[in-house]
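By written order: A, B, C and D. Residues from 1 in each chain.
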């Protein structure tokens, strides 16, 4: 059975290493914070100017001056630091953030990503996504393997305007875990009950299956 | 050296139609509510606004959009605003979308006297169109120019009469860079204090960057996404 | 995430001969006294030191010069140091002089992920030799590259175990930019505190930039020019 | 009689306007702070990271962490702000400092200045001088009109390595006050008892005398 959103987040959380500074995008990536493994200390960066993002505030304690990049009310943790947007993206560009997790509309088998614009539709803007994908050392995309029409989102080449080029390192979809390699997508793990055949069928880009590819366990 | 003005109306009195303004804030967090209200009252139009977002329909820069005061928005993200969308699709409003970090850094560059900087964001995308691409140590960068603006309008938590500013939490966001970047910088603060009341070691924006300052009134500080958890 | 090390010797234990170091401070103000002493004890040499000044004969980087540990100084001002002068004139020591603001900004550029910036200082002087000159809006600028360094060694007033730093008065100087610029950044602090003891709004250097931190001992904090007035 | 150093400083202080942010170099420029006219409020910037520099501390109150760009112990004033060296030179480059006063070895009649290096002598470095002269909107040079050998320091062209080009706007020497104009030095005032003849004789660069040139009064 394909993974649900929580499971995608849970699987991505296993990529976190102790001491990582991590930027989590809006949507599924935000859920990753709920599954940080025991004994792994990570610091969450929010690109509107916060290191050490804590959970949502208790009812009645929310503060309009304390929000995350998704404009949600959040809290600080002991050891947090506040800074301006220039320094925030400065540390991202300088490679100080170890991992960025974000969603995508399309990923190409060379690591290109498209997630900000659909021609003909109202364009809301790229926000910080272009800065993040251009700069992060390590980018994991969290997304559904296919769009609502059932078409693959893992493509030989993005059809939508790009957010960044050759930057995605890993993709976790409802069907499996994929590295982006010089030879295209490489399936490392598949969701419980999902067949390699189904993955092949739903992946439009170049795809190889790792020799030791295994079923995910939760 | 008297930088104190009575209120927002006095602070913005020489902002004319056609001006380029920087407005601090991220979403509705840390926006100069009093000055936006005064700009709506004054009725200036044809404005170019550099601001990370464009407010919501009935708050923030959205209030200026309702009055059709904005000719062009330069932003990184402009969702959450139906009137904005209508004006954009009808061609009444011009929009330039810029990656958020590039927007912040182009403001900072102005305040640091750097005419242009090389930045990573947007290489290989439509953002790169028409821009110089240059390789340093094997990586490609875009040349991005510093922003010019006639006025920067920022919101701080506290400020003193010499223009020194202190921001609170994530309401800091774009405010410090924009404060540095205005030909004329106007700061509205929740609390205006005398020189000596702020610790010099913890001033975020030194007064040299601020030309006018006043204590704002009736801050609404609207929350866009109220997310909370229950006490257990 | 344990950034705390026991002392300066542990903090610098993997600094090898031939390394490029940034050292914070302006004159003798805000210099990493403990780490300099440890570098002298360790006896590494052939170092390239990026630091605004080179200390005095018997303090600061001067102590490393006495032991002939420095191959090259990259500084803006290197007076007040007879041993330095002797080594320079005899050809034992290489010196690259850089305008102070350019030095500061080239460190900042590294920390902000900008590979190069255009700066005014030195246009038309020997500093411009070999550098790209480019005109923006009628003014000439030099292209100045960001600095690479293996280690940045800074001194702060207070720091917490997550690496957040706070500086005091003009001992701040070059320390924040260098802290941002090190591949490995080592911070020595007068007072090491637990997370939560520093107000997040008034952290000068966020911990993400700092890899190792320890509480220094026996700060001498020498004064170069003691100027005072008498109480009337 | 030629001006002494205190008088040079006193004359320069008359150029200060209310609300100015001012950077004073080492030597005679530092003395300018002692002659700020009544009713004129200026804020002194020290390029090592301070706005609102106060006087020297009282004996026993000096603090090693509180120095100016000349490494002298100083004090803060109410309304001071501390910042790092990058922001300090940032505000200088951005033209926020209204006036810079500094010394010079030579000034040319096109505004070039040399004040950091004498070939063959130990070179200590330019410190912040190159940044300041390249960026300040308004630069006043305070210096002796001639060197110890009696040779003019106001030249048709600098002989020493330059600190900055075409940047000096005004010069106050022991003999007079001079603007730098497209036609060279222009004498606006002369020291009490100093003759125009002496000024002409001791000025090697192009020199004109303002029609309303007058004797300085103290």
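As a convention for this text, a contact is a pair of C-beta atoms (placed from the backbone, for glycine too) under 8 Å apart; a residue touches a chain by one contact, two chains touch by 3 or more.
On a predicted model such as this, the values are computed, not experimentally measured, just so you know.
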Based on which chains touch which, give the shortest step count from subunit A to subunit C.
1
Tell me which chains count as touching both subunit C and subunit D.
B
By mean C-alpha position, what chain is farthest away from subunit A?
D
Rounded Å distance between subunit B and subunit D, as computed from the means of their C-alpha atoms:
37
Please compute the C-alpha centroid of subunit A, do the same for subunit D, then give the distance between them in whole Å.
56
As a quick test, compute the distance in whole Å between the mean CA positions of subunit A and subunit B.
28
So, in whole Å, the Cα centroid of subunit B is separated from that of subunit C by 33
Please list all residues of subunit B that touch 2 or more other chains.
105, 112-114, 119-120, 167-169, 172, 200-201
Note the residues in subunit D that touch 2 or more other chains, in rising order.
76, 82-83, 86, 90, 92-93, 135
Draw the chains as points, connect those that touch, then say whether the picture is a line, ring, star, complete or other.
other
Here the pairs of chains that touch are A-B, A-C, B-C, B-D, C-D
In their complex, what parts of subunit C are in touch with subunit D?
26-30, 52, 75-79, 85, 88-89, 97, 99-105, 107-108, 119-127, 157, 167-177, 204, 221-231
Subunit A residues within the subunit B interface of the complex
46-50, 55-68, 70-74, 76, 82-86, 88-90, 92-93, 112, 122-131, 134-135, 161-166
Sort out for me which residues of subunit B touch subunit D in the complex.
1, 110-114, 160-162, 164, 180, 194-196, 198, 200-201, 203, 206-209
Contact residues on subunit C for subunit B in the complex?
105, 112-120, 136-137, 139, 141, 145, 166-169, 172, 200-202
Which residues of subunit D touch subunit B once you look at their complex with the stated criterion?
18-19, 21, 41, 43, 45, 51-52, 76-83, 86-87, 90-97, 135
